[in-house]
Amino acid sequence: MKYGAEVNALVTQSAASIASIRFSAHYYRMIQDHRPYYIKRFLHHFERWYTDHFISPQLEELGPDHCMMKPWNVKVHGKHIRIKNSVHIVTTPDRKVSLSTWSFDEHQGHINLGDNVLLCPGVRLDSASTINVGDNCMFAAGSYVTDADWHDIYDRSRPVGKTKPITLAENVWVGDGAIVCKGVTIGKNSVIGAGSVVATDIPENSIAAGNPAKVVKQLDPERELVTRSKIFDDVQKLDKDMDEIDRMMLQPNSFIGWIRSKIAPRRGD
Amino acid sequence: MKYGAEVNALVTQSAASIASIRFSAHYYRMIQDHRPYYIKRFLHHFERWYTDHFISPQLEELGPDHCMMKPWNVKVHGKHIRIKNSVHIVTTPDRKVSLSTWSFDEHQGHINLGDNVLLCPGVRLDSASTINVGDNCMFAAGSYVTDADWHDIYDRSRPVGKTKPITLAENVWVGDGAIVCKGVTIGKNSVIGAGSVVATDIPENSIAAGNPAKVVKQLDPERELVTRSKIFDDVQKLDKDMDEIDRMMLQPNSFIGWIRSKIAPRRGD
Amino acid sequence: MKYGAEVNALVTQSAASIASIRFSAHYYRMIQDHRPYYIKRFLHHFERWYTDHFISPQLEELGPDHCMMKPWNVKVHGKHIRIKNSVHIVTTPDRKVSLSTWSFDEHQGHINLGDNVLLCPGVRLDSASTINVGDNCMFAAGSYVTDADWHDIYDRSRPVGKTKPITLAENVWVGDGAIVCKGVTIGKNSVIGAGSVVATDIPENSIAAGNPAKVVKQLDPERELVTRSKIFDDVQKLDKDMDEIDRMMLQPNSFIGWIRSKIAPRRGD
C-alpha cells in the first residue's frame, strides 16, 4: 500500500535533532567546524555549567549526563518536573523548548521524562495532571504534548478545564509538529507521523499518522528494535571517544582561522 | 464514541495562555514569583505605557482595559485594525503575535476584534478583506486566520488572489495551531480542535476537529455556557483585587532575594 | 462541492510573503513607510552585501538577482545547496528560514532550487539525499520539506534512517505550515493546501489538501497559468521601476520625521 509504504516519511525530526547526535564520527562530515578544540570544549563546559546552575534547580530531578544545546532557550515553568539520565535537548533562539506544569484548584501538573529522551527545537510539554514519558522517547521539532484543555468547555472563564494523564511508553517517537492530546496512551516503540493529531490511544509497535491520527502500519514483529539507549550504554567511553574525535578533527583549526571563517567566509569553508 | 469523547482534548491552549489568566488567586501557586511588589507593579505599568504609546497608535481603535504581555512582540501591519475592550495578548520572543491587513488594487483588509478576546503566542491574523471576531473569542498558541490565498491560483505573479471575509461569532475558541481559511463562518460558542484546518463553515455550539475539520460533537444545549466576559464583569474591582493579592503574596519578597533567585537559583525556589 | 470550492482558501501564504512582493506600486498603500529614500536604499544595499558576503559562500551556487529580507535569519547548514536566480527569502527574527543538508555514512543531502523561488518565514528544507525544487515554486510560511526520517525505524540509535529524493516540478505552491515527506513527487503547477501533510505523489495541475493530503480539485486546463517568472521577465527594468517608485513615494520623508514616527508614533501615521 503506497500510503503505508510512505508513511515512514511522515516521521521527520528537524534537522536540528540530528545536530544532537554528537556521537558519530560521521557528524564531522556534516558541516566543517572551524572552531579550535579548546573553544569547542569551553562552550561545551559552559553549556553544562549553565544547565547545572540555572536549569537543574528548576527541576525536581535531572540526571547527571544531560546535554542541552543552548540551555538558555529551555523554559521551565512550575513544579514536579523530573528528567532522568542522558536527556538531550536541542534548542534554537527562534524555537525554544518549553516544559510547563500548572496548579489550579485541585489540579497539579507533573512531567516525568525517562532516560535518554530527545527533545528537539520548539517542543512543548504542558501538564495540569501528569505526562509520563518512557525511556528513549524522541520528540521531533515543534511537537506538542498537553494533558488538559486549559479552559472549561462550558465555563470559558475557568482555567484548566478537563485534564487527563498522558502516557508514552518507552521508545515512542513523536514526529515533527505532531500534537498529543489529553488522556492519550501510546504503546511502546510506536511512531507518530509528522503533523499528526493524536486524540485516541495508539497501541504498541504501530505507526500512526493523519489528523485525526490512525494506525497505518505495524512494525515488523520479527525484527529486533535497537533503541536510543544503545547510544548511552557506556557514557564514559562515549564522552572519551567524542573528546578524542574532537581533538583529532579540530586539531588543524587556529583561533585566527576561526575568526576569519566568521567575518570573511569563503565558498568551500 | 471514543473519538468524540476525546476530542475536547484537541482544544489546547498553550501554557502561555494560562499565564494570561492573571485573575485567579490560584495563579500564585503555579510558579513562585520572587519579584518585590513594586517591581511587578512597575513592569505592569511599563507594559501598559508601551502599549498605549507604541501599539495603540497603529490601531484604529483599542479599548482602554487592554492587557498585552511583552507588547514589543505584538506586530501590527496595515490599517483598519480595531480591537474593542479587555483584549488579552500573550507573547514570547520566539512566538510573536501578528495582526496584518493588506491593500492591493481594490482589496483592503480589515480586522475587527470584539470585547475580551484572547490571543496567545504565535497567533497570526492576515486580512485582505475582513476578519470579524466576536466577543470572548479565544485563539490558542500558533493558530492562524487568513481571509485570502495571497496569490492568484491562475496568476501566481498577482498578489492577494481570492479573498472572502471570515466571521467568528462570539465565544468561538480556536485550538492550538489550527488554521481558519478564507470565507469561513464559525457559529457562536463553537470550538475548533488543535491542529485543525477549517475550510468550510462550522455551525454554532459545535466542536470541530481534523484536517479537513468536521463537526465531531455538539455542545450540550441543556448546559449554560459561562463566557470569558465573566472575568471582566467589573474591571475596576478585578484590578483592585489583583493588586491586593499581589501586595499580599509578594510582600515577603526583597530586592536582594529576587536578584539572588535570578543569579543563583535553588531547588525549591 | 463546498469543500472543493473552498479549498483554495487552504493555500495561504503568510502575510510576510506579501511583503516580499516589492514589485507593485500598490505595495505602498499597504503600510506607510516613513523612512527617507536614502535610508531605505542603504538598508537594501546592506542586505544585498550581507547576502553576498555571509550567505553566498555557504552555498554552492546563488544566482545574482537574489533578494533576502533580513538575511541574518537565513540559516544554511551543510554542502551541496544550489539556488538559481531571483530567489526571494523572507525572514523574521522569530521565524528563521533554514536550508540543511546532512552527510552520514553513504548519505549526502542536496538541495537544488530553480529560478524565482519564494521562501517565506519559518520555511525549513532538510535533505539527506536530494530535494529538487523547480522554477517559480512558492513555499508559504512554516512549510517543511524533508527527504528523510532522520532515525531508522528499527535502529533508533542510527541517524538518517530511510531517505528518498523529493521532486517539486515548476510552479508548485506549498501552503502555510504544510509538510512534504520523503520520496514525494509533486507535478507542475500543483497547489498544496495549508496544513496538509503530503506523503504520496501529487499529479500536476492539482490542488491537494488534508492530512493525509488528497487531490480535492483540478486546475482548469483551459485557463492559461501565469507563473512567478512574469515578475522577473526584465530584472533591470524591474529594479529601475522600483527605485523610481521609492524615490517618488519616499521623497516627502525626512530623517527627523522618520525618527519621530519610531519614538512617538501617532494614529494615522
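The letters A, B and C name the chains in turn, as written, and every chain counts its residues from 1.
In this text, contacts are C-beta pairs under 8 Å (C-beta built on N, C-alpha and C of every residue); 3 or more make two chains touch, one makes a residue touch a chain.
The structure presented is a predicted model; accordingly, all values stated were derived computationally and were not measured.
In terms of inter-chain touching, the protein chains here all touch one another pairwise. Taking shared numbers over all numbers used, the subunit A to subunit B interface scores under half, which places it in the different class. Measuring from the averaged C-alpha position of subunit A to that of subunit B gives a distance of 27 Å. Annotation for subunit C: residues touching 2 or more other chains are 94, 177, 195, 197, 211. Interface residues of subunit A facing subunit B in the complex, by the touch rule stated above, are 53-54, 56-60, 73, 77-78, 93-96, 98, 100, 102-105, 124, 126, 144, 146, 148-162, 164, 177, 179, 181-184, 195, 197, 199-200, 211-212. Partner subunit B is touched in their complex by these residues of subunit C: 2-3, 6-15, 17-18, 21, 24, 26-27, 29-31, 92, 94, 136, 138, 140, 171, 173, 176-177, 191, 193-197, 207, 209-211, 219-220, 223-231, 264-267, 269.
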